[in-house]
Structures are given as structure tokens and as C-alpha cells.
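In what follows, structures are represented as C-alpha cells.
Each of the next two complexes has chain A plus one more chain, namely chain B in the first and chain C in the second.
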Partner chain A sequence: MIVRGEAMENEINLQCPVPIQGHDRIQMGHGGGGKLSQQLIESIFVPLFSNAALLARHDGAVFEAGGQRIAFSTDSYVVRPLFFPGGNIGDLAVNGTVNDLAMCGARPLALSAGFIIEEGFPMESLKKVAETMSAAASRVGVPIVTGDTKVVDKGKGDGLYINTAGIGIVECGFTVDPSRMREGDSVIVSGDLGRHGVAILAVREGLQFETVIQTDCQPLWGVVQSLLKAGLEIHCLRDLTRGGLTAALNETAQTSGLSIHVEEAKIPLREDVKGACEMLGLDPLGVANEGRFILFLPAHQAEKAMEIMRRDSAGAGATMIGRVGKERPGLVTIQSLVGVERILDMPSGEQLPRIC
Partner chain B sequence: MEICGGQTHSIVRFGLEELLPKEISLVHGPGCPVCVTPVEILDEAMEIAARPGVVFCSFGDMLRVPGTDQDLFSVKSMGGDVRIVYSPMDALQVARENTEKEIVFFAVGFETTAPANAMAVYQAHREGLKNFSILVSHVLVPPAMEAILSSATNRVQGFLAAGHVCSIMGLDEYRPLALRYKVPIVVTGFEPVDILEGLLLCVKQLEAGRFAVENQYARVVRTEGNPPARHMITEVFEVVSRKWRGLGEISRSGLGLNPTYYAYDAEKKFGPFLPHAAHGQECISGEILTGVKKPRQCPAFGGKCTPEHPLGAPMVSGEGACAAYYRYQRG
Partner chain C sequence: MIVRGEAMENEINLQCPVPIQGHDRIQMGHGGGGKLSQQLIESIFVPLFSNAALLARHDGAVFEAGGQRIAFSTDSYVVRPLFFPGGNIGDLAVNGTVNDLAMCGARPLALSAGFIIEEGFPMESLKKVAETMSAAASRVGVPIVTGDTKVVDKGKGDGLYINTAGIGIVECGFTVDPSRMREGDSVIVSGDLGRHGVAILAVREGLQFETVIQTDCQPLWGVVQSLLKAGLEIHCLRDLTRGGLTAALNETAQTSGLSIHVEEAKIPLREDVKGACEMLGLDPLGVANEGRFILFLPAHQAEKAMEIMRRDSAGAGATMIGRVGKERPGLVTIQSLVGVERILDMPSGEQLPRIC
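Up next is the complex of A and B:
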């Protein structure tokens, strides 16, 4: 027998309850690189810090000093665990900032490193991280020229947090940012997606796959420099970190006021990453990467760009995944595997916390 | 109607509705734990999670589901020890490692998650773990289907039954429903082609005037289901009445721990709870969406419910009726 509740007397009312929108305290999702992060930045920081370089909303700020165009960027690293397949927090700290500069078309000139260390942290581990940073910095030929060390009480940190900042010289005569994107531009991704996020999660959750999935963390300046040297008319570069491809496409679409259309079938994904994501209920397009970027440039230069990228290990998997249009300003659409188009919305909070 | 939230997800993700002839419209069913877990239990979850000495373990997607006035993420940000786990067995492990704390697992979902949750309780019982309990909000598919079919406003003419649920429960419990309500029920998988094939089988039945239970998802679902998993469910749980968000109370529509396992029932361990404040129920979106009432007849409209702080879906999207009224027809 069926007892009807109040809702049944009128009709069935099935729908997902709406998530809580306004938060009066910081949530983990505010650091996830999705909608919540965006809301936080727009509501607290942008109005108070407002200036031209900040409003360009790029990976780093670009400004003139002494007749040179300088790029400046900073990033903090709170990844857990500190050591993971294919790298550690030190790789992230150096490559992350180097890559943010590279996305401005800038050759990294100098880095700073700030360490917040928890009381009781093993000296041996700190040394290992510092060695990794040194090796990563010399790989791109950038010195770590200044730094800072703070120690916090046992239990008040999480082993080790690192902040790096970097300055670089812009090596092209034009600005590389979303404002330069044009209708008809091709969208190229530098390789397969989601490896960093899955590598971290696999360690954290004790998941094992047939082969160990390693982080994709690597410097991108080399491949970007080759693209610039070839004289290609690069409109925009964006590295895919938290929020993955989905967040990067949405940010660039919103900032440029153009629409971006991608084809799901063309987006490179490894089978093991896809399988892991399916098991964990994650969308691989929204999973973090640490050594991948997207490139926007005129369609007639796309082949040439991919040819150059494929010569470099950081661009070996270069694939054209879509194009820029102006049909639906600020929106990203994706053609699904069965041929239907839908909106690829900005991830709301975060799929995985503390990924970088 | 596709029953399972996983099927709905596939339909939306791959845009399957656009591939269908316009005579077929898909109604999204009750198979999403996020949508049907009643607000009272969510409030209980948050009350338990906020207590000192409690580690509250949950599948990740329940953390953002709002209770009356907060969600588990907010409880966590206020210092509650809320952890995301991928299996109830992980929560059990937390209990083994933290004997001085109370570990509570949020046992939500359908027949699919019930066996593993039952197994965790069974295991805790065998090991004599005293610091582990589960907050149960388990619901069953067939009673919800019956509630929908017997509703005066029902417009569902065929069902895609949830493949994973049937992999546990088998096909037999659906046969009486198909017969009584003369409605085709096709057990269907989750890939786009599964769903399209399930629809095709459904339409063929309708055209032939048949109403049988068919199995599109035979590569996973056996007619008899998974007897050992079902045995674990009956070992630990018993059928009880449950309230569903959006459907109301349905008799014998869920699972609760049976008397042997009462010691693992978080509701009993941590109750009684604060009485449920009714103001979360103000949204009348169901009546709005079917045109029974106008947005301005809703007491929350324009006051407690605005596009910035929506209480229901019609106030959220730009195309929602309430949002449109709010923008163009206030005053």
C-alpha cells in the first residue's frame, strides 16, 4: 500500500535541491579554481586591488619597466601528499611559476621561494624538496634568487607549504592574453589530460592501477619559446591547472567575450586516466594538470604550431580540439561523443582538494 | 522515465534528448540520492558532524547538499571533522584507527550501495567495534516507482530501470509493477548506446501494446541479481517507511538497521535531535512548474527567495519562471 505524503497530493516534485550559494566562511571549494574561487576573487580581491594588469585576468601580470615588458606571477603550493608518483611539491613550486610566466610569453628571469615549515618536519624531506627545486630551476635556466623561511607550531601546518614568485621578460612583440583571441582561432591542447590529479588521488586513496599514473608536471617554457621563435601569431596561452581544461576554456571564453567550441572525441585522454576518473566519479576534463597548456592561434597556423610542439616532450601530444567563435559570447560548448552539442560549464567548487 | 541519476547524467552529458524524435520526452526519475534524501536527515547529519569527538564520513557528493540552513562543507569549515570516503569500508578503517573517536558513516543511496554498507556494519559487529555507526537513509526503487505510477498526475508511460540496482536485486520485483500498471520496464545500462537501446525496447513494447520487464543490460544484470549481496542486505537491514524529498512519505520504501544491529544506528546513538525547523520547505517549485500556482503566490518569493539566494530551481536559472517574474514583474 502506498501512503501519499503532502507533496504527492499535488504532483511529483523531483529535482535536485539547490546548493547553498552565499558563504560567510571560507570553504575548501574557494581554493578549487572553479566558480567558488572566481566568486571569491571577484567579490573580495578585484574591487580592492583593481588595476589594469590585474583586470587582464591572465596567469601573470605584464607591465613595462625600463623599456622592457616584464611578466610577474606568484603561486602557493599546498599539495598533499608532498611526494607523489613522478614528482614532489618542489617540482610543482618551480614549474608552476615558470609555466605561469611562459603563458605570458615570458622567459623566466628569476624566482623567489618562500617556505612555511611545520615544527618537526624531517630535515631529510626538506632537503629532498630543495634538491628537486634546484634541479627543476636549472632545467629551465632560472635562478632562485631570494627566499624566506618560517616555521609554525606542530599541528598548525601540514608539513610544508611553498610559495614561489617569478619575473620574466616577454619575448614577443605582442601581448599574449585572452583579449587577443579572434573568431576562427584554433584551440590546441599540448597533450593528454588529467594525469596530475589522478596521480595524486591514487596515492591518497591507495588506488592501484596496472601501471602507475605519474604526474605530468614539467616546464612549458621550452615549447612556448619554440613557438614564439617560429614567428607564429600566438593569441593566447593558458596552462591547465586546477579545474583542468574546463576551467581554462571557461576563463578564456569569459575574458575574451567569445565562445569556444570543442569536440569531445578529439580531446586526448589516456585509457587508465579515463578509467580511474570513471571509478572515482570525476570528469577528466575538470581534473588538474601541471604540465599541459592550451594555445589559441589563427587556424592557418595550427598545423605548423602542432608540428613544432610535437618536437618537444612538453608538446608531444599536441592535438587540435576546437575553435573560437562568437555565437554564444562567454560560453564553452562541447560536441559530445554521440554528436550532440552541450554547454561545458565552469566547475563549481573543486573535484579534488589540495592538488597543487 | 529513467530511474537512475547515473542515467540522467549520461542523457544530459551526451545530449541524448536531442537525438530523440519529439514524441519521446524523458522524465528524470527519483534515482539520485542527492535529490531524495530528506532535509530532516541532512539536518541530523550536520548536527552529528558538528559534535566534538565525531568523525563524520560521507561520499563526496553529499557534502554540498543543503539541509535547512547549511551543508556539510559549512560544518567542516566551522571545525567539524567531515571526511570524504569512497567506501564504507574506509570509514570502518578510520574507526579501527581512532578508537577514542566516534565514527559515523552517512549511509545513503539505493539497493546498489546497501550491500557494502551492510557489510561494514556486519564487519564492525564481528570485530566488536563500539565506535562505529551509520546514519541510514536508504531507499528502495520499486516503492518509489509505484508512488509515481499511482499518482494522479503521472505521465510516465515506460521506465528505464536502473541497471546497477537490478544487478543486485534482479528482475523479479519489477514484474508485478509492470503487470499492475501495464507499463513497460526495461532494465538499462548507462552508456549512451545502452540508454538509446533501452528506449527503443520501451517504444517497441508500447507500439505492440506489451508491458513486460526486459533486460537491455544483460552484460551486467542477471535475472536473479546477486543473491549473496541481497543476503547481506537482509542480514543487517529491515524494510521501513521513509520520507523522500520531493515525493513525501512512502510506506515500506526504505531500509533501516534491524534490531540485531541497533547499536550501529547513529540516529539511536546520537538522538534525539533538535526538532526540524520547517522553513526549508517554503519553495513551491513543483506547483510553479506545473502551473498550479504563480510565483507571487509563493510566500518566499522576492523576500527569502531571490536570484542571489534561491530556495528552488525556478529562481536559479535565467529561464526559470520565478527568476523571470522577479526580474520583470516585481512591484
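Up next is the complex of A and C:
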């Protein structure tokens, strides 16, 4: 049984640019990684910047240069607050871009770092963030080779914004992106969901839980590398950042033109995260993670993949949550805990502003 | 005769990290591209991110990957206002990064674009900027292959900040950076100075001149490519952005450990720019440009280089302004119009905030 929610009326067709309906000004939701972000990108940037790499709509671009396949990705980080349980903006800025490269199957080679600092920002805090970035980069073995520092007037920023871009090399012999997804593929998630978003929200809202929920921010290249080395036929990888699992499933379904079906009962969620989400009025499947990803590969390789993932702390909670089909092109369906099947629609993007 | 100004007491030694003397908070000058910016970078980022590419202290990093030399550079753009005579933040964001790659002798291959947009920013303005970026990228033939969009709350930004990063390929057989500079090299500037800074300042201060002074923002890869194709032995290239000619000369003198001597009478300046600078209390040599560079190469190739440059609109005003020596390692001297020789010290960075 399919229950189509109201939100489906606004379903967007990614094949052609859509107008930013009724929005003549930017709203917070345009940065939330959900439906509004998609509309913004598809209506303004994609038609103007159109090229093959961008149209792949993946976490990073992959292109050929001198016989090598180079991956290239960028993200700006505007998380609020800058420091939170288990990390700070510096971890996000390094791991976020490393992970976008990893999702292309690329070994990270070099990072850039651009700082936009608000006048009056404490030098000690800047140093702490830079130290964190240095440690995070060392952990993955990727140097920060170039950078830029800008300062904006007091009241024209929020302490610190960081942009990182990264270059990686795709060494495996195939492409890892949504175009490779196939009917029958298994969908595996690397661990329990929602910790990063809840860690941030708890600080913002001044909430205290029995245990402090820490961000899941971590680099994913190690576990991806193990999967590639094992010769598994990985079709697509996607990290579960803004918009969480829900956005990642919707984006990959739309880009591949296939349908994805998942079972809610199989999706790993910690009790404390579930409780916090209830208290905060959040859907945990739409909450951002910074160290989780989904993996699509042929069903007969799923067990082997999970076995490899579980040997790595970044894949310790690997679980098969669903499969790829072709019944409803571009749509994601979820079988709820009580057995009802419904469309899992793209989040609007408004529930969690400035989460990364 | 050498006249050492007061500023020399604060001379910094780039060979070892220096403390941010007396600054426990970020000031506007830390983003001005002058002495304070240098102190910030050398005291916080360089020691923590230390690696060979970063230590070359060039406009971009160059490193080997799979037998190729890759250049990588990034810049964030926080210019105020966003639209100004002759351009907008979109031209700066594309040409600025293209030019940083060109200064490494690299053919630009791909750009990333990261947008930090303030809630309430007009969609039409965003579209205009994106159109400008698309046109600027097409002009150089470089695709924008990947991007990111973040939105920050009203009052936590200033309309729009853009980061671009760029990848280029160094196809010439040698390195173009300050370490290649040699005693006796000629110093050539590509055209008249100060237009970009004056164009911005005039809008900010509401000044009107007889003619509207437009930004000099333009891509430099074309003229650099012509120089490389002609087989000239280019030692170093540096674009004259934040801190203008003065900062570029000081940085290259410090990094190379050589001295540079220039003659004020030879430095090309338009009368209207000179007049505007006098009115605004600015030293035109320290004002930012966005389409000008200096070139260091063996003296016997200087005439040939200028001949090639003058065939290109981006090098039409090519002029030899000085030479490299080794008398005063790390220092820049200038012979003034009245024949007095003095140290041309690094600007403090406070005169022109948010110029790019």
C-alpha cells in the first residue's frame, strides 16, 4: 500500500530546471540540503554551469586529466555553534571534504582551506580550530596545501566560516556514482543515524540527556578503501550529511532513475538519539550525520561488504536496510514499523539550519 | 641613500613563526593581505599545516600526482559592495582563482564554487552573479564542475560570500615560483595599477570622478600561456591583488631571500587613479588589482617578454619597473620620483578592507 503525503504535490522533476516557486529571496531552507536546496541548485546553478561532471550530481566531480581520473569537491561550513560534543567546525571541514572524495571512490590527495573570519573572533579559538584541522588531516594522511584568509566586519559573519576543497585520485577501474546503480542492488548503511544533528541541536537548545550524544564526524576513506581493495563491485556511495538518509536516498533514486525500498525496522538508531529526536520534533532519518554513508552494490556481495565494513570503526554498525528496484522511477519507499509502505519524500530542508 | 621608516621596526622574519603581537582577537587588518595577514598565516596556519607545497608560499600549491604536476588554489571573496563598476563578485571569484593558477604557470582545468548566502538575499542578484561566473568561466574555457550552497541567518553574513578553488596542470617543464628568482632578473608589470581598488572605494565612499574608473578584473591565463609558449625562462609570476604591487614585491623578496629594486617613475599609473588615490588618502602601489601581475625573468629576455605581453589586452601596458639584486636580502627598495631611495615596506593591510 502506498500512502502519498501532501508533500508529493511539490515533487520536483530533476530533468529540467524548475523555477524557484514563489521565492524571490533566499530562505534558510535553501541551505538545508532538502527540497528547497535542490530547487535552488537546479534552477540557478545547474543550467548556467552545465557540464558533464556537474550533471553527474554526485558528492564531487570526477574528470580525466592526463590519463588519470581526478575527483574534486568543495563544501563551506557554517555550523553553529562552532564547538560541540565530539568536535568542532575544523573536524567537519576536513572530514566533510575527505568524505565527499571518498564517496567518489577517490583517495584524498590534497585539501585547500579558506577562512572567513568575523572581526573580533578570538585568536585562541581560531588556533584551536586550525589544530583540529591539522590533526584531522594527519589522520587521513592528506596535506592542507593551500589556503586563504578573509576578515569581515563585526556583525557580517558569525565567528568563523570555513570552506575546504579537495582533490583525490580515483584508482579503481570503475566509476562510483548513481549512474551505476542497478535493479536488485542491496542498500547498506554504515552505522546508526542522527548523532551529529542531535549533538548540535542539543547544544543549541540547551538540552541535556542522560549521556552526552557526540557527533559521529569521522573520515570514511579508510573503510571505502578496504571495500575497493577487496574487489567489490561498488555501484554508488553517498554520505548522509544535510538531509540525512532521506535526502541521500531521494537524490540517488532521482539521479539513477530507479526506485529504492527500505525497511524502517532495519535502520540502525540508538535509543538516546531516537528519544532526543522525539523531544526535538525531528525525523531521525532526515537528520544530518558527518561520518555515515550508504553503499549500493550487487546483492550477492552484500554480506562480504558488511563483513569488511564491520572491521573498521567507521563501518562497525554496517546493516543492510533495503534494495534498489525499478517499479517507481525516482522514488523512495519505506516499510514502516507497523508494515505500512509509504513514500519517503525529500525533506524540505527547513528542519535543521546550519548543521554543517 | 636608504631611508628606513618606522614601520621597519615591525619587520617580520618569515623563516620562523611569529606570535600575533598583542592581538588576542582578529582585526580587519588580518584580512588585508599585508603585514597583519602575514603574521596571522605564519603564526597559526603555516606551523600547523606545514608541508612542502604550502611552504613554497606561492599563489597556489603545486604537487606531483601520477607523473603530472597539479596546481591547486583557493580564495574566498567577501568584496563589498557585490556589484561595482566593471564587474561583480562573480568575476572576481572566477578570475581570481584562474589567475592564482596562472601565476603557478598552470592551465586552469576545473573550478569549484561554494556560496554562503545570507537569508533574504534577492534571488535575482544571485542569478546575476551566477551568470557572470558562467560567462567568466566560459571566457577562459574552464568548467565549474562542483559546488556547494549554504545559507546563514539574516545578520550573520553580508548578502553573499563566494569561495572558489581551482585545479590546473603545469605543462611547462619548470617551476614558476619565488625560489627560481635570480639576481639580475628584470621585473615587469603587466599594466597600470590601482583600478580595482579605486573602483570599489569610489562606490563605497560615494565619490564621482570625471570618468568612471572600472575594475581591471580579467583573466591572466591567456597572456601567461603566450609567454610560456614563446619558450621564455619565466622565473616567477605574482598577481597584484590584496596589498597591490607593494605586497607582491615584499612577499617575493622575502620568500626568495633576494632584494628587489624598482623605480617609481616607471610604474604605470593612470592620472585619474592617481588623483582618486590622493583624494582617498591611499598609496596606489598598495591598492588591489584583479587583473595585473608582475613577472620576473632574465634581463636579456625582458624586451621579448614585453613584446609578447603587449599583443594581449591583459598585458597591453607591460613595463619594466625594476630588477632583482641580492644587496639587502628580503627587502624592496624604491627610487622615488625625486631620486631618493627608500625601503618599500609591506603595507599593514588596514587601508582597504574587503576589497576582494
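Methods note: the second predicted complex is superposed on the first by the 335 of 356 C-alpha atoms of A that agree within 3 Å, B and C clash if a C-alpha of one lies under 4 Å from a C-alpha of the other, contacts with A are read in each partner's own complex, and residues count from 1 in each chain.
Just so it is clear, a residue touches a chain if its C-beta (ideal position, glycine included) is under 8 Å from a C-beta of that chain, and two chains touch if they have at least 3 such contacts.
Worth saying up front: this structure is predicted, and the values here are computed from it rather than measured.
Looking at the superposition, the partner that touches the larger set of chain A residues, chain B or chain C, turns out to be C. Legend: residue contacts after superposition of the two complexes on their common chain; A:167 is shown touching chain C, with no touch to chain B.
Contacts of A:126 after superposition on the shared chain: chain C is touched, whereas chain B is not. In the superposed pair of complexes, A:205 makes contact with chain B only, with no contact to chain C. Legend: residue contacts after superposition of the two complexes on their common chain; A:23 is shown touching both chain B and chain C. Residues 20, 23, 25-29 of chain A touch chain B in one complex and chain C in the other. Interface residues of chain B facing chain A in the complex, by the touch rule stated above, are 12-16, 18-19, 28-30, 32, 34-36, 39, 60-61, 64-66, 70-71, 73-74, 76-78, 86, 143, 146-148, 150-154, 192, 241, 243-251, 285-287, 289-290, 292, 308-313, 316. The residues of chain C lying in touch with chain A in their complex are 20, 23-32, 37, 40-41, 44-45, 48-49, 51, 53-54, 60-61, 63, 65-68, 70, 72-78, 109-110, 112-124, 126-127, 130-131, 133-134, 137, 143-153, 155-158, 161, 163, 165, 167, 169, 353-354. By the touch rule above, chain A contacts chain B in their complex via residues 1-8, 10-23, 25-29, 205, 280-281, 336-342, 349.
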